[in-house]
Structure formats: C-alpha cells, structure tokens
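The same chain A turns up in both complexes below, where it pairs with chain B and then with chain C.
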Partner chain A sequence: MRFLWICVVKDLRRWRRDPFTLAIWLAIPLVLAVLMNVVFGGGGNPAPQGVLLIADEDNTFASKVVAGVFHRDPLDKMLALERVQRGEGRRRIDRGEASAFLIIPAGFAQAVNRGAAFRLQLFTNPSQSILPKLIEDTVSITLDMFGTRRAVGPAIGLETTVIPEKKRGKSFAALFFPSMLCMAVWMIANALAGEIWKERALGALRRLAVMPVRMAAFLAGKLVSVALVFACVAGTGLVAVRWLGRVPVASLPAAILWLVLAGVAFYLLLLLVSMSASTPRGASMLGNLVMFPLALVGGCFFPFEIMPAWMASVGRLTPPGWAVTQFSAILDGSTHTPGLAAALGGLVATSAVAFLVTLVRLRRSFLI
Partner chain B sequence: MIEVEQLRKEYGDLTAVDGVSFTARPGEIFGLLGPNGAGKTTTIGCISGLLAPTSGRVRVMGHDVVREGMAARQALGVVPQEIALYEELSAVENLKYWGGAQGLRNPLLGERIQKVLELTGLGDRAREPVKRFSGGMKRRLNFACGIVHQPQVLLLDEPTVGVDPQSRMRLLELVRAEAQAGTCVLYTTHYMEEAETLCDRLAIVDHGKVIAAGTLAELRSMLEQRDLLRLSGVFQPAAARAAVAPIDHIEVVQAEENLLVLSLVDASRKLPAIFAALEAAGSEVRGTTLTQPSLESLFIKLTGKELRE
Partner chain C sequence: MRTKMLRDALFLAGMDLRHLLRSRETLLWIFVMPVIFFYFLGAITGNFHGGSRDTLAVSVASDAGFLADEAIARLGARDFLVVRPKTEAEFLGYRRRLEIPTGFTALALARKPVKLHFTRVGDDMGASYDQMRVQRALNTVQVDLSGGAATPQRLSELGREARPLSVDVKAAGKRRDPPIGFDQSVPGTMVMFTLLVMFTSGAVTLTIERRNGILRRLASSSMSRGAVALGKWGARWVLGMVQIAFAMIAGRLLFHVHWGPNLAAVAAVLAAYGALAAVLGMALGNFGRTEAQVIGLGVIASNLLAGLGGCWWPIEVTPVWIQKAALFLPTGLTMDALHKLVNFGAPPAAVIPHLCALVAATLGAGWVVARYFRFQ
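Right, the complex of A and B next:
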C-alpha cells in the first residue's frame, strides 16, 4: 500500500514537471466549453436549421405532394427532410432529434379521392418554438388545399401532438458536450497509456522488477494517478460548461465519478493495446488505430443523434459509445440510481478484469 | 554472498548462459568479464530474479532467487546498464522513489539520501531535475539509487559505459568503498583495464560460458602468461645472462650493455632474486619497467579472437 502511494506521488510529480502537457489536458474541456459558449451563445440555442421526419406510409402522388412542399424554397433551406419508418421516427422525435415528425398513414390518397375523413399525425418538439409551428401551418395549408378541391364531405385534417416535455430535445451544446468531454478523456487516456513505453525505455520497469515490491501496487498506483488527472479534467470541463455553456448537469458528483471511472477503464484498455505492440512507434500507431475509429463510431467526435441510425446502433456497443450514452444520461438526469449503480458496477468489473490482464502482460513479457 | 551453480538460460534455440558457476563473497568485488553478448547481463538478470533460469540454481545471501524471490531481492541492490532514472524528477526525488521501493522509510530514508548524495558528489545539484545532469552525473545518481538502501549484495552491470574518465574514477572508488564496507559486489564489464584494477576475482565469459576464473594472478598463471621485465643500467651481457639463468622459468629476450630484457612468470615476486643475481655479476640496475600481460591479451589468447565491442 505504501509503495502504491510512492508511485502516485512519483507520477504526479513527473506530470507536474511537464506543464505544457498538463495544460493541454486541462485545456481540452475548457476550450470546448468556451467554443460552445461562443458558437451557441451560451444559452444552448436551437440550431437555425431543423429536421422534419416524415413516415410516408401511403406513398402516393397525394402524399408526395404533402412532403414535396418542404422541398420548395424557402422551406428547403430551413428544414432538412428525412424519410423514416414510423417506429424510428417516433423514437427520434422522443429523443428530441427533430423539429417534428409527420406520419402520412396508408389510405391518404384514397381518402382525398373519396372525400372521406382522414387524419395525418404530426408530433412536434416542444424545445423548438418556430420550426414546429411553421411545419404545422404548412401541412395544414397543404391539406386545406386538398379539402378545398373537395367541396363537399369531411375535411382532411391534421392531428398535432406535442411530445411530453421530459422528452424534449437537447440544445446543440448539450448534445455535443458529452461527446467532446468523453473524447478529451479518451485522448488523454491514450496519451497516458503510451507513457509506459517511456518507463520501459528508461529501464525503470526492469529496475523495479528486481526490487522487493509487487507490480500490482505499481499498476494500481498508476490507476490512482490517472484517476486524479481525469478528476481534474472532468471537474474543470463540467464546471466550465455549466457556467460558460449553460449545459445542464443534473448531478456533478455522479458525472465526475462516471468520467473518472470511464477514463480509468479507457486507460487500462489502451494500456493493454499499447503493451501489445513490440516497439514504442508500433504502440503509438496501434493506440491511434484503436482510439480514433472507436472514438468516431463511439459518439466521441459526433453525437449519436446526428449519426446514421445503423452507425449509432453499432457505436453504442463500443466502450466509448457506452460511456458517452451513460454520461449523457447522467447529465440530463434521465438515469436512475439503480441504473447508474449497475453501470458503475459494470465499469468497475470491466476495469478489474482489464487490470488483471494488464498485470499479467506486464509481468510476463513487457518488463523484459 | 552470491552462489551460482550450473546456471543455464535459453531463448528458444539460443543459449545465452551455458552452465555458469561461481561464488562471490561478502567484501569482495567479483568481476564478470567478457565482450558484449557474452551473457553477462543475462547472468545478472537471472541473479536479480528478472529472468527465470532455464536450469541451475542461484542463491543470494542463502535465498534461492526463484523460490524465495522477495527475500533475495531484499538483499540486492542493482545498478543497471541503462540509466534507469526519471529525468523530470530531481536527484532527491529519484532517490526517494527507489529507496521507497526498497522499503526504506523516513527518517532513515532521508539520512541515506543525504549520505549517498555526499558520496556521489551530487549534493549541490540534488534538487535539480535529472534531465539537466551530465552523463557522468546521471551515472553516479544511477549508482546512488542502487546503494541507497545499503544492500548486502550489489550487482553492477557495466556501470561505466559512456562515462568520462573523471566520473569513471569516481564510480570505481565508490564501488571499492562498498566492497570495503562488506558488500558483496558483482561487477560486469567489457573494459579489461577496469576489471584488472577493480576486481578481487574474475570470471571470463564468452558465448555464455565461463572460460577462466580466479584472481588476476591465478588467471595469468593459469594461462601461462609471462611478464616482461626491462632493466636499464650497465651490464656485461654474457655475465648477466649466466647470472639470471638459474632463476625458474626465465628467458633472456635481449641482453646489451645498457639494456636487459627478461621474460618470466610472476616477475614481481622474483625481482629481489634477479637484482641480487645481477649485482653479484657486477651489473648496475638503474631503471626497471615491469609489463604484465593484460587481461585483454589473455582473452585474445584464450578465445583466439579479438575482444568484440
């Protein structure tokens, strides 16, 4: 236990003597917070362009006329039109990923021709005020056109549902921030993992191996050191974004704890990857090969909300993807204590397994 | 004490150490001498517990390094070939880390740090980051980290590689001081002159095998190396030849009126007899130069090849 703390002090002293690197680590989340403040005006304003999801189940000339209205100037500049299935559209509007979701049920054209009563469904995002109203008015006017042609008979109408407030969409700042902070942690973990090669090249690991100490204490010391770095980075980033970016943080301690544990797990994973290489350069390349694709797919560069659905589904299964998803839930307060406890338990268990595997690798082959 | 019995270490088809045996005693500097790649570092690795021997046995202060690794390591101090220091840390911080790893605690740790800093002459630069040190200073600190805990057994793996002459002299003095304090020192080097001046006993290794072992005198004797004694003065060549002829294993290489060159075994012990015989023959010796065969020449003679760097 004493040697563990000796290792912690040693690593913290070493990093303190390299203020440039330390500043970069701390600057990443700060820069993100400032950028969000500058770009999104601090209030997390909605984006100027909205998304309209359309599930055209009728797929007829009449239904295409309704959808086609939004391809015309100036609506096409204000709204991006996406065709989706009913289920996907509902999920996405519930997550706040669009301004509105329009369902044109099968039988629309027949109803128009027969002059029968028919209802289109529109779900709107309550976090946006202008675009959902614009969409609703545009659809209503278009439907009125159909109704006007049929001078008699029941009107073709629009049934508008505002999705519950709790499922309201996030601001762009809130959407991007979890990804950005997880990316910062992921990148720092990669940089820290590569440091093991410096110690190996120095001969410090071999020297340590002939001393009456346990390598487990050495590795545990490293984990405590990196956990402290992640705590600083997470704390700085979260506080800065809360103040500068005005991104809601439902539970600051839980968010910091999650980022620290996720950072330690990332570190162990990347440490293992780094130690699997045969040279420092190989380790760097291998680390980047693992880090960047996983960061890209795992929602660290772009939030899942703006990814293609298939990529988001795959990405959520990756380690960073899982971390980002849980972190987002912690930030917006949509995770409950049992769920959070289970996630934290999973993270600790994963880290424990990674610790043992890394320790075996360190002892058996990496030291020599 | 270090006891190595039939130590063998294989890496696949390569046998790095092949049946090496020797014993190094407390207060003694035992040298492992050989070219690069001879198996010295692998032997040190097996003794320190870093490498698992393929076969054979190694004991440090009576503890088997495989079965009682922790106990053996507690008795050990290792100064590796590479400068295993954290360059961002100061000399004191490095010593605290390595001393702490050896189990030292304050106030003893603090006292020992002061002591080794004084010994190595680094006291005035103790708080500076090591990256500002010269190569020689780093070597001295590397040594200090190996002795900060006062080990009973000290393993030194080519500790003077790339060191300037002044720092080398200082390091060799430090090694002698450790041995005089009762530490058992195992010193590997490929610098023959270093082994000659420093080591009490030596094992010459090549291709993983000990090809000769003993004191310097024993090695010379074992290899039948002859000293060259050059005497200047006034001689009667024929009388001088006749005067020294009865002395054992002596050969007159050159006999002139002002120079007599003799080749003989263990010349330093025979000097009084030679001087007495020459004086009796009417010769006057004014100058003496004794050239002993170097270990390098012994190695070349023994292996049939030049020392590889």
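Right, the complex of A and C next:
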C-alpha cells in the first residue's frame, strides 16, 4: 500500500514539474465549452444569422408586406434587413456579403391587384444552405397569401394546436457537450497511456522489476493518479458546461464519477494498445489509429442523434460510444440508480479485466 | 552572401523534408486520417441535411375525397415526408399531425367552410414554420379551386404549374446547390488538418531537435540564423503542400468534390495558407518548452481556429460578429476565399485581398520566428 502511494506521489510530482501540460489537459474541456458557448450562444441553440438585402422598386403597400414579414419574430432574430439599390445588391451578394438578395420589381402591387402573373427575383448565397432556403420559403408563402386573398368562396381553414413538450428537447449545446467532454477524456487517456514509454526509456520499469515490490501496486498507483487527473478534467468540464453552456447536469457527482471511471477504463485500454507497439513512435501512431476512428464513430465528435442510423448503432457498441450514451443519460437525469449501478459495475469489470491483461503484458514482455 | 543563405536554406529544407516524411505519424496524419475524417464528417453532415424532410402524419377521413390526395401531394412539395399511419395510436405518436375531416372535398366544392386540424408537438422555432408550410399547401389548393378547377386531373395540372405570383430563385455564384456533405466536409477538414499537422508534427519536431541538440549543432555551423529558420520553414511548407495536394486529389477522386473553375487560384490560396500554417507551427515549436506543451497547445489552437473559422460547421450558424471576426483568422480567411472561388466561381482577383493578408501574416510571423529562433 505504501508503494502504491509512492507511485501516486511520483506521478503527481512529475506532472507538477510540467504544470503547463496539466493546464492544457484542463483547458481542453474549458476551451470546448467556451467555443460552444460562443458559437451556439448562452441558450445552447444555434440560430443562423445573416443579412437579407432587399431592393424594393415597387415601394407600395404590397411590397412592404413582403419585406415586413422579415421583421416578425423569429425571423427578425436571424436576419438583418438592408434596403439597397439593385446594382449595389447584386454586387454585394456576388461578393457573398449577404445570405440572399430579394428584388421586388415595380408593378408588383398592380399584378397582385389584377391577379396577373409576376415574379420576384431572389439571388441566394451559394455557400449557405440554411438561411437562403428559409428566405425563399418565407417569400413564397407570403406570395401565396396574396393569391389566397383573391380566392373566391370560403377558406379552407387550418386550426393549429401546439402542444408544449413535457420534457424540453435537447439544445444543440446539450447534444454536443457530452460528446465533446468524452472526447477530451478519450484524448487525455491516449496521451497519458503513451507516457509508459517514457518510464520504459528512462529505465524506471527495469529498476522496478528488480525491486521487492509488486508490479500490480505500480499499475494501481498509476490508475489512482490518472483518476485524479480525470477528476480535475471532469470537474472543470462539467462546471464549465453547467455555467457557460447552461446545460442541465442532473447529478454532478454521478457525472464526475462516470467520467473518472470511463477515463480509467479508456486509459487501460489505450495502455494495452500502446504497449503492443514496438517503439514509442509506433505506439503513438497505433494509439491515434485506434483513438480517432473510435472517437468519430463512437459519438465523441458528433452526437449519435445526427449520425446516419447505421453509424449510430455501430458507434453505440464501441467503448467511447457506450461512455457517451451513459454520460448523456446521467446529465439529463434519465438514468436511475439501478441502471447507473449496473453501468458502473460494467465499467469496473471491464477495467478489472483490462488491468489484469495489462499487468501480464507489463510483467512478461514490455519491461525489456 | 544571400546566395549562400538560400543554398543553405534549400539544403536544410530538403534534409528536413526527408526526415519529416520518414516519420510514420506524419504520414498517418497526412494520408490516412484526413480521408477517414472526410468520410465520417461528410456522411454525418450529408445525413444532417438529407434528413431535412420533416415527417408529417396525415389522418384522412374515409369520405374526404380527391382533394385530400391533392392536399397531401402539395404537402409533399413543401418538403414534408407525408406518412399515413394505419392506427390512431401510431398517428398520435408523430410530432406533426394533420387531420383531414369527413366530407372535405364535398364541403370545399360546395364552397362551405371546412377546417383541417394541424397538431404540432413542441413549441420551438420550427412550430410556426411548420404551420406556415401546411397553410401554404392548403392555400394553393384553395386558390386553384376558386379558379374553377373542380376535377382531380385539372387540380393536379395546376399544382404542377408555376403560381401566378412566384419568386425566381438563382444562386448568386456559379454553383447551383449549396455545399453539403462531402462538398462541405472535405475543404473544411483539409484546412483544419493542414493546421493540425503544422501545429503538432511541424512544431514538435523543432522541440525534439532542440532537446536532442541538433539545433545547437546547426548553430555552430556556418549557416546563418535566417537560413536555418528559412530551411525549417521551407520543409514544413512543402509538407503542408503535399498534404493539401493529396487532400484535393482524394476529395476529387473519392468524394467527387468540385474545386471550382479557378483551380490555380484555389491552389494559390492554399499555398499561402500552408505557408502561414507552417510559420505559425514553427513559432509554436520555437517558443514551446516541452513536447507535451507543444502538442497540447497545437491541438487546442488548431481545433479552436477550425471551429471559429467555419471548418466544422457552416459559418452562417454563428453570430454575425464571429462571421466577421473569422476573416481575421487564417482558417476563416482561407474558408472565405475557398467559398468565393469554389461556390461563387469568382475570378481570381476576388481573392487577392485574402492572398495579401495571408502572405503579410506569413512574412510578419516569419520575421518574428527568424529574429527569435531558439537554438537551445
């Protein structure tokens, strides 16, 4: 037990001597949280924002109705309207300075009154996909309304009922944060796993082999120090997620516990991968080759909700995918004590098996 | 004197490039990882946009008549994926539900009031948009009906005809469809990976050479500080160009990405971007103390610049101030130039400001690196 403690202190001292590296590990979830907050806003939902240029050459009540639609909520929050002349509008949309440019030619109101054919012109920004479509739909709907007003006979009415959801849908930030935090843990686990090669290169492992101490205590000491790093990362990330991203965290202790245990399991798995290489550079390459594809398919870069169905079902079966799924459930409070206990049990069991296999590998062939 | 400096720089660049290209990690990040990321990100973003047809469950009364079918066809034209559930329980499971009442056609033809019921679960921003789209589909039926079309065939014909009042939509540039899927993911990922490789492999090799004393040995040679810095930069820049060329070819051959009508201008922008990324990577390697520091900072900085520069998501989803600020970032500036050349089909002159900014930033950062280059 004393040797285990010595190993923990040794690793902590090593990291303390290079505090910048530790700060970078802590910064990864923080930076991601800030980035999400900046991009998606405090509410956590992305609202596309752009500029609509309008050249109103008709300048009548009818043309003002078309332009006025964009002053209504929620369009006014997404689009800034700018009135321009035709030439200036064309120049600006050609330079990509707006999402779309709408021209209402003279004679629009007359055509509306006569029921004659008339076409407005809309030039869209070809590098954007969301706002131009929204603008096109809105203009088309407004034009149809003019047509309906001329229709004879009783309207085909539409009665609408909007039912608020009992459980609020997840915001974009709430969808992305669990993935990003798990990605940070997964990446840090890979970096920490690669450090075993330093111990080997410096002869620490060989010296250990000739000392009257147990290799299991050394590995356990590593796990404790790694767990402390993950606790710091998880705490920082979750606090940032809660206060910057305004993502609800149903149970902070359970979320931290899950991330720490998942991080330790990731560490052991990636340690095995690292130790199966023949050189430190090979280990780094192998680690990246395993880590990135699994992170991609395992929902660490994009949440499963927006993946193709086949990719999501494969991804949920991977270690990071499982961790992300359970972590999301812990954050939104949809997991219950028995379910959480079973998941934690599974994680501990996986880690125990990985610990034993790593220990065997460490004792038999990796030392030399 | 200047000739000797250039000869030394060229020699060093060649040696360094050979060394960098022998590293398996570098090869992995140049030739393997980008393709994996292109595929995954393209598949995901393609799915994201392809799934934009919202499902609408429609319940039709048995004697609703032919107008119900016409209304359903026009709802389909409004980007709804219309489904007709067999049971009420199944119908109630959908978030968007439309009920077409009994005697719908008979009442409408007799010009009597008739009401359809639309239910939307969730009071988010999309609810009013959904309502507008349903209303629009029904309005067109009503307008055609009032115009005297009382037969299914005539209504169907009118439904296909252009509306009297319509909007003529044209893309401002040469591209007709906005870039989604691989067209969006490949350029963004390429820009991000160039930065990532320069900020990690490009930077950390400098740190390793300093730790191993290679830079000290170079300092004791007859090479000038400028020649060493230029040589190191040259090797990294060529490495970045190899990466960019491979990504462009892989994007074209494997993912059918169109690079627009001005390939030379695209190459010039990417060459300038590669030069800036190489010198920034060198700055990181020059001022970073340990390998872990350099790699950690490189990963964070490249991801941050990629996110803010519009490599991960379309820049239009970000607030306007970020869209403007992105033009001051290497990633944002490059993505903007690529949009202009590839999507707008703009002439090369349109990206001259971008090129000037990238070259000026490269020269500025290059001067700092050369001035403060650390041999130990």
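Just so we're on the same page, the second predicted complex is superposed on the first by the 245 of 368 C-alpha atoms of A that agree within 3 Å, B and C clash if a C-alpha of one lies under 4 Å from a C-alpha of the other, contacts with A are read in each partner's own complex, and residues count from 1 in each chain.
Following the convention adopted for this analysis, a contact is a pair of C-beta atoms (placed from the backbone, for glycine too) under 8 Å apart; a residue touches a chain by one contact, two chains touch by 3 or more.
Note that this is a predicted model, so its numbers are computed, not measured.
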item	value
Which of chain B and chain C A:Ala209 touches, first, second, both or neither	first
Which partner, chain B or chain C, touches more chain A residues	C
Touched partner set for A:Val185, first chain B, second chain C, both or neither	neither
Which of chain B and chain C A:Leu238 touches, first, second, both or neither	neither
Touched partner set for A:Thr161, first chain B, second chain C, both or neither	second
Which of chain B and chain C A:Phe3 touches, first, second, both or neither	first
Which of chain B and chain C A:Asp18 touches, first, second, both or neither	both
Partner chain in contact with A:Ala329 - chain B first, chain C second, else both or neither	neither
Contact residues common to both interfaces of chain A (with chain B and with chain C)	18
Interfacial residue positions of chain A with respect to chain C in the complex	18, 20-21, 24-25, 27-28, 31-32, 35, 38-39, 41, 46-51, 74, 80, 93-96, 99, 101-102, 111-112, 115-132, 134, 136-141, 143-148, 150-165, 169, 187, 191, 281-282, 284-285, 288-289, 292-293, 296-297, 301-302, 306-308, 311
Sites on chain C touched by chain A in the complex	23-25, 28-29, 32-33, 36-37, 40-41, 43-44, 47-49, 108, 111-125, 127-129, 131-136, 138-143, 145-147, 162-180, 289-290, 292-293, 295-297, 299-300, 303-304, 307-308, 313-314, 316-320, 322-323, 336, 339-340, 343-344, 346, 350
Chain A contact footprint on chain B (complex, rising order)	45, 48-51, 70, 73-74, 76, 78, 80-89, 93, 96-98, 100-103, 105, 129, 145
Touch list for chain A against partner chain B, complex	2-3, 6, 10, 13-14, 17-18, 202-204, 206-213, 367-368
